[in-house]
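Each chain carries a letter (A, B, C and D) given by its place in the written order, and its residues are counted from 1.
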Amino acid sequence: MAKITAGLGTSHIPLLGHIMDKGDSGDDKWAPIFDGFQFTKQWIREQKPDVVILVYNDHATSFDMKFIPTFAIGCGEEYRPADEGYGARPVPVVKGAPQLAWHITESLIQQGFDMTIVNEMDVDHGLTVPLSMVFGEVDEWPCQVIPLAVNTVVYPSPTGARCLALGNAIRAAIDQYPEDINVQVWGTGGMSHQLLGERAGLINKEWDLAFMDDLKSDYDKLAAISQVEYIRESGTEGCEMVMWLIMRGALNHQINEMHRHYHVPVSNTALGHIIYENADLDVDNEEDKA
Amino acid sequence: MAKITAGLGTSHIPLLGHIMDKGDSGDDKWAPIFDGFQFTKQWIREQKPDVVILVYNDHATSFDMKFIPTFAIGCGEEYRPADEGYGARPVPVVKGAPQLAWHITESLIQQGFDMTIVNEMDVDHGLTVPLSMVFGEVDEWPCQVIPLAVNTVVYPSPTGARCLALGNAIRAAIDQYPEDINVQVWGTGGMSHQLLGERAGLINKEWDLAFMDDLKSDYDKLAAISQVEYIRESGTEGCEMVMWLIMRGALNHQINEMHRHYHVPVSNTALGHIIYENADLDVDNEEDKA
Amino acid sequence: MNNNNKPYSNIPGTTVFDGDMARMGFHLNQFCMSLMQASNRTAFKHDERAYLDQWPLTEEQKNAVLARDFTTLISLGGNIYYLVKISSTDGLSVAAAVSSMTNLSLEDYLEMMRNGGRSPEGNRYVEHAPSEEKT
Amino acid sequence: MNNNNKPYSNIPGTTVFDGDMARMGFHLNQFCMSLMQASNRTAFKHDERAYLDQWPLTEEQKNAVLARDFTTLISLGGNIYYLVKISSTDGLSVAAAVSSMTNLSLEDYLEMMRNGGRSPEGNRYVEHAPSEEKT
């Protein structure tokens, strides 16, 4: 049977992609940022996920103002890195996992989630930067990816509670997939940042660190945070953190935190990164689920 | 305060639009179809809704295989009748109700419905044929329209239970809108039909009539019908009936059936049409809600 | 064809447009969608094969389009709402396209509809095992 | 500006891109989106005003684009993720576009970020009534 074994949270800041694409990620200047992913690069080589469900938001790249889906799931065969205005990132094409993606999509819709099915789209830095930070520079991404795009551009975003519930439902879908594969769920975006207005540049380190603390066991508390509170406390773009809640909801209640990294600033943003492993994959009762 | 006063269900068969657009709706030949809308035309002149929330499905017109939203709500200023391959229908442009639509959208997303927000699209026969059948030939549609497009093209459609719940949530949103307007919700599509395969032409009159009977009070029973059962009993396109459940969910539990019409065939399809009024708009407690 | 082992695989004469079919038919349906534009209809009518060759369809799909073989097109991932863009381009009614998938002529099909349509009796379940029934 | 009477109207220096803003900025943002294509960027750079005139923007919106006045563009319904398509076309960093909305120079803004960013202290609520604070 398919199994979700681990979850990963990380910011998806475009600058990180630029640095890597220029070949500068080894510079001492950027060490405080990139050193925090050394553990991750080793860890992922051991974990060898077959499929990553990569939760991110599209930044006015493949979705414009015409159609704005709250939750869009990629069922396509592959996804090209998008040209975001300065040429596409020189990273590999992202291979989809269409059979599993359709299985999840059918299950989610039948569980009452109103997914937008996506069969063709390009993917922007929100999706490719996390791949680069985790897998480094590769000729081919070593796993298949199911993109799950969440609207965090137009108010309102889905609530934290809804995102946590979506994670639960993704796990229920994966649990019913007969193939024996290793699945990870990644939540990306955040942490605190605000890209507009006189208040631009807002960073709330205390809030970010408390979020990473609470995510392990007190995620219900996090799920109750309103978008207005996110904006007030952690900036207009701070609500991207609901995407980490989808990742958290897809894991068991009992998890082990394997790694954590926090750094300010990366351009306008606080960088956060966390890795969880499901504590005991054999214990599988309802109480043990997030 | 805004109020939902009435609901209306009707098939949205393209042939009906063709007949009207050719000016042939008065032909004796079509009387068994059009006579059933005489009551409706009089009734709507008395009801004078300010806004109609028109639930329909897009038939591979504005949505193609790239993006397939489960629930898409129109927040646009206006919508042009689509060219479905033989020129656009010669009917008025559909005026949106963007302020109310955004209010409903925000409320629905915060209530946990994963809407796709639509700011620009053309609308096909699924939306314009019901307008024509109810309002007749007019220079301007006498109300604003909020299109609510439901995926019934790609399996799976949203469940009946989810559609009923969406109706409930729409009512909750309207109840909080401060402007003093008269809102109707229309569910369109159906009734039994199948447009493909050796089994094409399937009509299940008994099923259709039972559906119209149960919709008044036993809608929970209808909400439990799976898409597979719809397909088996009433044809591949029979699942369009979930859109009537959105309409039903938006009304109170206590309703009066004002009118009903059923006719077979209209081209490949069974035609159904029903009108409900909320029984007592003053009684507004929870038990009284569908 | 790819409805095997699904809860709807035992419904006779029916192909449900699910994920497997949508994957198979993605480009076929997008080709059909292109016929919504008048200029594309003109180009298609001018040289059907040349127009089709601009799309990454399988040879089987292309031939079925050229033959207006809707039964085969459905089995190759076509969705009826997309496929009717082809029959609309030909100036045919939806009923004409639909009836071509049955064992009835258009006239007999319309006569069946006038008489109340195809009964669900005997049409709910395939008589034999699904694998024998589906093509 | 159109965030009045919203639960977020008392957050200082912030415009939430809600339905009212999205309505106001629809065409402005779609114009920005067009700059994702190289040929459109070339056309825009060749004659900005002529390119803008192809879009149903208000005169105010057009002037704010020409002036690269991001503060005004935000107040006229622009969304930052769309607006950065303009600054990318200019070859500017996101930080350059973002800092232009603050009362800091780019250098001072970057220095603030290096020192841990703008503190939330004193930046959670407007000091006066929302109507006085919002422009």
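Structure notes:
To be clear about the criterion, a residue touches a chain if its C-beta (ideal position, glycine included) is under 8 Å from a C-beta of that chain, and two chains touch if they have at least 3 such contacts.
Keep in mind that this is a model prediction, so the values were computed, not measured.
Interface comparison, B-D versus A-D: the pair with the greater number of contacting C-beta pairs is A-D. When the contact pairs of A-C are matched by residue number against B-D, B-C or A-D, over half are shared only with B-D.
Separation between the centroids of chain B and chain D, computed from CA atoms only, is 39 Å. Inter-chain spacing, taken between the CA centroids of chain C and chain D, is 48 Å.
Between chain A and chain D, the centres computed from C-alpha atoms are 26 Å apart. Centre-to-centre, using mean CA coordinates, chain A is 37 Å away from chain B.
Shared interface positions of chain A, defined as residues touching 2 or more other chains, are 65-66, 106, 119-120, 154-156.
Residue numbers of chain C whose C-beta contacts span two or more other chains: 18-19, 22, 26.
If you check the complex, the residues on chain B that touch chain D are 75, 77, 98-99, 102-103, 105-106, 119-120.
Those residues of chain C lying in contact with chain A across their complex are 18-20, 22-23, 26. Interface residues of chain C facing chain B in the complex, by the touch rule stated above, are 7-8, 11-19, 22, 25-26, 29-30, 32-33, 35-36, 38, 41, 70-71, 74, 79-82, 84-85, 88-89, 93-95, 98-99, 101-104, 109, 112-114, 116-120, 123-125. Contact residues of chain B toward chain C in the complex are 14, 59-61, 64-66, 83-86, 153-156, 192, 194-205, 207, 226, 228, 231-234, 236, 264-265, 267-268, 270.
Interface residues of chain B facing chain A in the complex, by the touch rule stated above, are 65-72, 106, 109-110, 112-121, 151, 154-159, 161-162, 165.
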